[in-house]
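Next come two complexes built around subunit A: one with subunit B, the other with subunit C.
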Partner chain A sequence: MFNINFYEAAVRSKVYINGAACISAQKASGNSSFFEEIQSTADNVFWAVEPDYTKLIPAASARRMAKGVKMSVAASKMAIDNAETSILDAIIIGTGLGCKIDSDKFVSAIIDSSEEFLTPTPFIQSTHNTVAGQIALGMKCTGYNNTYVHGSVSFESALLDAKLQLENNEAASILVGGVDELTEHTLKIHEKIKHIKFERIDSSQLLRSKSEGTIFGEGASFFITSNQKNINCYAELAAIEIINTLSVENLPNNLEAFLKANDLHVDEIDLAVLGNNGDAKFDVYFHTLADGMLNKINRIYYKHLCGEFFTASAFGFWLASKILKLQIIPEVAKMGEIAPSEIKNILLYNQYRGENHSFVLLKKC
Partner chain B sequence: MGKGVAITGMGIISAIGINTEENFQALIHKKNGISKIELLDTAHKNEIMVGEIKLTNAQLEAPLDLPSNNNYTRTAMLGSIAAKQAISNANIFNISKYRTGLVSSTSVGGMDMTEKYFYDYLSESDSQKYITSHPAGDSTQKIAEQLGISQSLVTTISTACSSAANAIMLGARLIKAGKLDRVIVGGTDSLSKFTINGFKTLMILSDTHSAPFDENRNGLNLGEGAAYLVLESDEIVEKEHKKVLAYVKGYGNANDAFHQTASSENGDGATLAMEKALKVAGMLPSQIDYVNVHGTATGNNDLSEGRALIRVFGNTIPGFSSTKAFTGHTLAAAGAVEAVFSVLALQHNIIFPNLNFETPMKEFHLLPQTETKNKELNAVLSNSFGFGGNCSTLIFTKQP
Partner chain C sequence: MSDLKQELKAKIIEQLNLEDVTISEIDDNDSLFGDGLGLDSIDALELIVMLDKDYGIRLSDPKEGKKIFESVQVMADYIEANRTK
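Our next item is the complex of A and B:
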């Protein structure tokens, strides 16, 4: 028999981040720094600043794409260029709400026209796998292709899938992305149920807010993951844990178990990247760690830069990867004073409204 | 030998039955579940034929014992019902005894409620509880709650009509990698105006009973349903003396990279997916005894899939049939619905009939199995393809 069992390999390959690109409300600067001038918002919403697509997407294709698809196709090209690679074995995307612009367009058209005179384009482009499909189509990539759509662990699910394949040598290079796009309807209905703060706040004061809800955002963060480290390597992706439900009380135990499984003591974490979003109701998860286990650990946050969305953690992942590579922590992300020292291990923790928690461990490569 | 992935339980609700036995009886007795739309409120009620489950939301809700202010969508209810059957079929009484995860799938998630209340959300507070039911992951979170899966790996896949096949694939890989001991895998989708109108604009909905692989096929019947399988590791099977229904032996996922909605003329993605699955299974095409084809009965799919079958199997194509003329195309759930059918085929050594086939397609001479056929089966291959070029293949076997 010629049974190829990837899972019997004696040594599991390590997984590296070899390329990264991020489109968000903040304009990313060059390779050696993080952002151009920091943008804030007083509208409780951060719209992504789109790059000049002309060099990234053929104009005829770009015209048909909604913002999320465009951002993703562009970010995927930027990540590939950044990794200086052209070989992709797989494309794996995480998106919490999928192609919401076309989805809203088609639902409202159904209602407005009483199911008559509809055109197929918004329907075709509304499916959650449009992004992964369009990237595959654009690059003629016939490899493994998958899309995860599970709230705030959509991106982490995609990462986990990629990591499984890379460490078992089923693939050598995988494009992993997290993307979500906002619509006016999404904003309006989430204001109604107070998932977006009722009071308008300045995004730079996000953590001082005492009210429930958060500020929304959108963006696309894409990465080239590989089981071979290249010269541009950002970080080693050491571990990912996804947890559907977790009480505040059980959070420390779970973090402890996660660290233990990865032979790491909490003191060895050089930086914690937390997903605080200023929601007085749910930031208690982050406070519990900040006041407890991670009390003595340097901490940063990021949702005051990109807003909250189901794949906002991909922005945090981009930030953490870049911090490991540059060994610089951007001032704007710091929670309190941080003394400069070598950064070897970064822990990321995120959850949204008490559900779909994730721990990610990145190491210097 | 590598690690086996055992199927130890399954559950299903579809237009041909509210449990596995009802589905099986309908399949062998050629009783289709295709009808005019009775429950869903749509302008196209009388124009198309679908696979609708003739239970109202209130009827689906009753056995789930939900509080009156619950915000379960039809998608979540169908999923919960099928997943609970699967757990019970696998004789699982203490779900947290082993590391248990859930990988579900859906195409439009809570769209059945969103399309009802899209504008009401802006004004009426009664409907607003469904706002958080819209994201695709919501139905999965609810199924996990129904099954008592907490502090676990729970996620959702959405690759259009190949979704559930990819959920089964991830579950198998998680077990092989030793990440989890047990994974509940499958998919759920309810009928919605969104998908009915979407496929209608593409002009691929049939106004009559769909006829997969027939020269005169005129499109698909949409369906709704949910199906879940319990995948367990060798260790659990051994320790608990579990009865194994079948094994997930092979899986393959590829992208056609041809067009956002249409399949390539020669079935490139489908061919790749089948070849990969055979490779992972360590099997030759000649070892496949039955193919449960994707077979949607659209002009494009059946031609593309047929050509892919010829490319993979050459002149000796195993017995094959599409079961979509029974259930309708249940979109994201289809891969799981047909996984259950594939396991039933193995268990009973039966190839299910492909309904409504009369005339072979002019492009090739492929004849699906049209009558229920008894045959010793050891390996069944099941295809699921979707928009976005997503092509997935699973191989189920009797032996590990």
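Our next item is the complex of A and C:
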């Protein structure tokens, strides 16, 4: 047993975040700052602020791309530029609903035209793996290409795949991303089933809401992960755990086990990044940790800045990575007093509607 | 005929999302594929569906498209001669 552990420790590489980029409801910020101007909404929906794509995507390619693909191709290029690399061994994407705009388009066309006159473009562009495919085509990356669609752990699943490959030296540099796009149809059906709040609230007050449901959002967050630390390194990706079904009662035990498996005591967590979305029915998971195990730990929140979507945790991951690099916690993410100290270990916890829980541990690199 | 050509140019731009192209930039005799407007095989499929939906022309042999979609002028001539709606 000792020999196996020794062998594993000797050959298993560490995993680093060497580049990051995020397109969200918040305006793009520089590499050394966070949100220069906070965007809020009173419509229960946070639409992404899109960059000028003409500088990032050739017009001939962009004309067939819907918002999610454009955001992803742009964010992936920004992340690659940020990491100052051009070599990618693999592309791994997480998405909850995939290319919803084109899905809506071709399904609507089937209904409107009585299954006749169906054009190919929306169908071709509607598959969940369109994003990873388009990025690979643009970058001429013929390596491993995969897309994970697992609700609110879609991004974490992609991240876990990348981590395992990098640790085992099966790849040296992997693009990992999380993306989801909103459509009017998505909003309409989620309002109907009350996953979106009935009453209109200001997003800045989201986490104080006492009603069920949340506000929706969209965005794309992309990262260059590698087993070689570069000069731009944001953080070390130390651990990921995904749990599909977990009761509120068992949550603290699971977190404790996660920390123990990573040789950490809860007191060694410098910052917890929690995925509260203002849903009174399900935020109880976050409250349980905030009032219990993480009571004395500095905590921040992010869904009042980006809205809820299946890959919103990728926004939280981007935020945490940047906090570790800059050693600055943006005021707007704080929900209480935070004691100033060096940030070495960040714990991220997220779940959506009581399912698909994830713990992620980031360390200062 | 002139109206049909204008209509075709507008439909090509809209259907194929040619965001940077205006009607006035497409000459009647410009090649639609290759060096001209730069359309590709997926665009050809979109145009085949457009002929069927808007003009009632169903191409049984997709190879016909190569000749029909040579330019806006050739397309307009073909539609005039074969349209059922």
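Everything below uses one rule, namely that the second predicted complex is superposed on the first by the 355 of 365 C-alpha atoms of A that agree within 3 Å, B and C clash if a C-alpha of one lies under 4 Å from a C-alpha of the other, contacts with A are read in each partner's own complex, and residues count from 1 in each chain.
Heads up, the rule we're going with is that a residue touches a chain if its C-beta (ideal position, glycine included) is under 8 Å from a C-beta of that chain, and two chains touch if they have at least 3 such contacts.
Computed from a prediction, not measured in an experiment: that's the story for all the values here.
Enquirer: Would you mind checking whether subunit B and subunit C clash or fit side by side on subunit A after the superposition?
Expert: Overlaying the two structures gives subunit B and subunit C room side by side.
Enquirer: Mind telling me which of the two, subunit B or subunit C, contacts the most residues of subunit A?
Expert: When the residues of subunit A touched by each partner are counted, B comes out ahead.
Enquirer: For A:Ser154 in the superposed arrangement: first (subunit B), second (subunit C), both or neither?
Expert: In the superposition, A:Ser154 touches subunit B alone.
Enquirer: In the overlaid three-chain picture, which partner chain does A:Lys55 touch, first (subunit B) or second (subunit C), both, or neither?
Expert: The answer is neither, since A:Lys55 touches no partner chain.
Enquirer: Just checking: does A:Arg63 make contact with subunit B only, subunit C only, both, or neither of them? Give me first, second, both or neither.
Expert: second
Enquirer: Using the touch definition from the top, say if A:Leu118 reaches subunit B (first), subunit C (second), both or neither.
Expert: It touches subunit B and subunit C both.
Enquirer: Have a look at where A:Lys296 lands relative to subunit B and subunit C in the superposition and call it first, second, both or neither.
Expert: In the superposition, A:Lys296 contacts neither subunit B nor subunit C.
Enquirer: Have a look at where A:Leu137 lands relative to subunit B and subunit C in the superposition and call it first, second, both or neither.
Expert: A:Leu137 contacts subunit B only, not subunit C.
Enquirer: In whole Å, how close do subunit B and subunit C get at the C-alpha level once superposed?
Expert: 8
Enquirer: Both subunit B and subunit C touch subunit A; at which residues?
Expert: Common to the two interfaces on subunit A: residues 116, 118-120, 124.
Enquirer: Given the complex with subunit A, which residues does subunit B contribute to the contact?
Expert: Checking each residue of subunit B against subunit A gives 2-3, 42-44, 102, 106-107, 109, 111, 114-115, 118-119, 121-122, 125, 128, 131-132, 134-138, 140-141, 144-145, 149-160, 166, 170, 173-174, 176-179, 193-194, 197-198, 200-202, 253-261, 268-269, 272, 279-282, 386-390.
Enquirer: Subunit A touches which residues of subunit C in the complex?
Expert: Residues 15-20, 38, 42, 45-46, 49, 52-53.
Enquirer: Residues of subunit A touching subunit B in their complex?
Expert: So the residues of subunit A touching subunit B come out as 1-8, 91, 96-98, 106-108, 110-111, 114-116, 118-120, 123-130, 132-134, 136-137, 139-151, 153-154, 157, 161, 164, 168, 185, 188-190, 192-193, 242-246, 250, 254, 310, 355-356.
Enquirer: Applying the document's contact rule, which stretches of subunit A touch subunit C when the two form their complex?
Expert: 59-60, 62-64, 113, 116-121, 124
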